[in-house]
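Chains here go by letter, A, B, C and D, matching the order in which they are written, and residues are numbered from 1 within each.
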Amino acid sequence: MQMQGFFFPRTATGQSSLIPSPPWFYSGDLLTVEYRTDPARVAELLPAPLELAPEDPGAVALIWADWQSCSSSREELLDPVRSQYKEAFVVVRCSYQGTTYSRCVYIWVDKDFAIARGMHQGYPKKLGQMWQTRPMAFPHAAPVIGAGGVFGATLAAGDRRLAEAVVTLREESETNGFVNAHKMAHHRVYPAMDGNGDAFAELIESGASAFAAGPAWSGDADLRLFESPTEELARLEVHEVIGGYFRQVGVEWNGGRSLEVLNTDE
Amino acid sequence: MQMQGFFFPRTATGQSSLIPSPPWFYSGDLLTVEYRTDPARVAELLPAPLELAPEDPGAVALIWADWQSCSSSREELLDPVRSQYKEAFVVVRCSYQGTTYSRCVYIWVDKDFAIARGMHQGYPKKLGQMWQTRPMAFPHAAPVIGAGGVFGATLAAGDRRLAEAVVTLREESETNGFVNAHKMAHHRVYPAMDGNGDAFAELIESGASAFAAGPAWSGDADLRLFESPTEELARLEVHEVIGGYFRQVGVEWNGGRSLEVLNTDE
Amino acid sequence: MQMQGFFFPRTATGQSSLIPSPPWFYSGDLLTVEYRTDPARVAELLPAPLELAPEDPGAVALIWADWQSCSSSREELLDPVRSQYKEAFVVVRCSYQGTTYSRCVYIWVDKDFAIARGMHQGYPKKLGQMWQTRPMAFPHAAPVIGAGGVFGATLAAGDRRLAEAVVTLREESETNGFVNAHKMAHHRVYPAMDGNGDAFAELIESGASAFAAGPAWSGDADLRLFESPTEELARLEVHEVIGGYFRQVGVEWNGGRSLEVLNTDE
Amino acid sequence: MQMQGFFFPRTATGQSSLIPSPPWFYSGDLLTVEYRTDPARVAELLPAPLELAPEDPGAVALIWADWQSCSSSREELLDPVRSQYKEAFVVVRCSYQGTTYSRCVYIWVDKDFAIARGMHQGYPKKLGQMWQTRPMAFPHAAPVIGAGGVFGATLAAGDRRLAEAVVTLREESETNGFVNAHKMAHHRVYPAMDGNGDAFAELIESGASAFAAGPAWSGDADLRLFESPTEELARLEVHEVIGGYFRQVGVEWNGGRSLEVLNTDE
């Protein structure tokens, strides 16, 4: 029997696959806090052959995203339990063969299809609870997207709060920050069945195949990170806040390419 | 000791109260399907002294709402787990002493503070899972608020899907429907500790103390209701769809008034 | 139309009521930590005419419970999303007209039917996430109910951890603690629609109408309480741990009685 | 930098890994319904080189499991949000090189660590909501594990109920069924970054490295499967119920072995 389905479970029809084939489409609101930590703490998260980025190597972005997403069929949009999800993720930069990449080192989402897309894209996704203030059409219970607009965001996992941020917008900005501005360099790993090393490991790059964005707003940011026995986010200590950002975006993602299949010999 | 707190648990400071004192503020997106059912099914949900509305007595509105809300302090907006919630609710109309009221007969929400506000306001809230398509800033994975925009919505409780709707917007509309357009007439009940009838029962009216709204859009709607052993929503059978609506609103709610304290003698 | 249903929403059949009429039945595992706090902190939670208990007035019990529950029909047992829930609750003692009562001052549950039962019984329930180690049939991933068995428990609400405990069983015990050993004296309150005080307030007593229990085990306990902007649990500081307990129980609850309807004049 | 961690995210310490290294330990309650479907529907789920089992090829087991689990450190048992989870899974049998294997074709769990363990073991896990009646210490709200004990179970995903079962125990049984009684033959797949086929695919076998079980009870079973646009469980139609089973188990799992690395050329 020939199986169908982009990912598991594969069946004769492919209907059950946890995720459909790319391209995948996203509309979302991004709330970002950029800060500097000890570059040595970033280096700890860069397996060879990745190295620290040459400039501002301790820069970190903690990004909350409130997403609606779908496949080419757009059918998920009419059953939005299958299209909406929230996430928070931590991005650093690194250098590979002379090129600077962004790299997601931690990420939490709240849906299984998002976990599976992360498996494919090399985002190391766990489940978490993420909340970020939404700009709404009316200000009765919402901030403005503009000078003075104040946005909060929180991240929890395992019934522990891991991070909370408050961003106060000040002015329009040329950029939405610089840490998450490169193609991503991610590892994809599959541990071996016998427990000795990996059966498969690969360094890949990927980025948006299409991207649109509204005006970016920048401002002040306050960020607090909390300890957890199963997380190391707080190890990326906040030494200096660079800034906070808010931006609304539309994204298409349609695959990436393998940079290296890694040696999995033990 | 003098206890503080609008609702339970009451303490010396009032800090623990599940909900703060009104006024309460809301910014939200409403997706509405109006339809006609057998007026006898509406009448079943109207305790005396309420009666069927004189005109179009079988009209029903099933409304999904995606809310951000806060108290006067607005502090909940920076800890949005405390301000965002989703709901779906069923509204009919009724007549009391010659006046037509709206009345929420079923409602599901996904936060405890929303349940407590409903206890106060006479909304018979249960927990459920509600999803409605969101208009986003970019169309990559979102409909437009405008002609041709298609919005889906689903409601589940107890791990069963109870309702699903698809609304296709066609044109701007004078109204967002007519069923939920009156003040609400609700019962507030508190069963007696000995199990014999109610210790307290009251008929109240309430409505928004301030209201703002963007343009309403109307269009076609498809609505399906499903059976559940613990729900009677499907008993309000869809005989004729009146229309679908989408509107963004801002609301302030600041109390209501007692119409009658009801006799609780058994 | 005569409405049916123990609690809201009331309908012609009563089928939709969030909770059925008592009696209610429970089978559960209780993990308890008893400790002493400053009696003044307990007194803060006792509205007149309640007073501190005459002996050991600063004693507190923090109890986790892993419940399966049902009505007389037992139908919920076959659709266990409707019968299983977890809770954590804080009990102190108080004195009313010379009698010592237990009193639940804070409680978190994870189902709506449990919230509604709490409304009726005067338990000030919020939603939370509770976890407690389970004794399982095999020890591969479980403690024994016996000397050396170690049980953990955690409580979170609003994406913040509020409490965590570890109990190490040492020996069989005559009791499962003494703080939660009396009838409960609870307030039931319903704020007035106009926001001025309560429309209804009552002091009630209730307790189990039937009760069975296995052997109680006692032992050492470690308890940590954490701050939250919406909770005051941590204000009941742990001055001295009295002990930890584990016990399996069966309970029937079938109403209580009003001690006083309280004056709600402002 | 040398990265540590059995699975992602990998860090210098390994502390963040979503799952620790095997062995993994489990204590659980299993509720099983075995039935026969059209063998052609089973064949649809068996990619080459797997074939239908030679005897009773249409046999299916739908199993609910209520688990507590941990690593060798057993630390998860004291923070039980990290150790307890529920699952429902569908097992068929197949033949590979003359040997009969069990094979999990669909599975739903409710924790992220369980998804990650499934990725490793070749279980095609999605998130779902699973509930099964628990045997408790007291019968006030629980069935007995014995003749006449009635257990219910439900499965939902995407806010839709997918399956519900009722099992009435009749007698002790030699076995807990026969469908899930072999080593598992599972595929592990990793789609290629460019979207063309798989970067890695492997057929593996694994089973418990240690196993203990209490008495198995068998009885009558009723099973209903429901349609969903994202699931094909209902395609495994119930032609004939074989029986229902309840058993409590303890399990250790400590890896498996690769049967074949599969050709991933397109």
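By our rule, a residue touches a chain if its C-beta (ideal position, glycine included) is under 8 Å from a C-beta of that chain, and two chains touch if they have at least 3 such contacts.
Small disclaimer: the values here were computed from a predicted structure and weren't measured.
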Checklist outcome for this item: Joint neighbours (subunit C and subunit D) are A, B
Next on the checklist: As a test of understanding: of all chains, whose mean C-alpha position lies farthest from that of subunit B?
Outcome noted: D
Checklist entry - For the chain pairs B-D and A-D, which is connected through the larger number of C-beta pairs in contact? => result A-D
Checklist outcome for this item: Distance between the CA centroids of subunit B and subunit D (whole Å) is 40
Next on the checklist: Just the number, please: Cα centre separation of subunit A and subunit B in whole Å.
Outcome noted: 35
Checklist entry - Between subunit A and subunit D, what is the gap in Å from one C-alpha centre to the other? => result 30
Checklist entry - Mind pulling the subunit A residues that touch 2 or more other chains? => result 79, 81, 129, 131, 154, 159
Checklist outcome for this item: Interface with subunit C, subunit D side, in the complex: residues 25-29, 67-70, 74, 77-81, 83-84, 129, 131-134, 136-143, 150-154, 164, 166, 210, 212-214, 248-252
Checklist outcome for this item: subunit A partner, complex, touching residues on subunit D are 1-3, 6-13, 15-16, 18, 21-22, 43-48, 75, 79, 81-82, 105-107, 111-112, 115, 119-120, 124, 126-127, 158-159, 187-195, 199-200, 202, 204, 206, 229-232, 254-258, 261
Next on the checklist: Taking the touch rule as given, give the residues of subunit C at its contact with subunit A in the complex, in rising order.
Outcome noted: 129, 131, 154, 156, 159-161
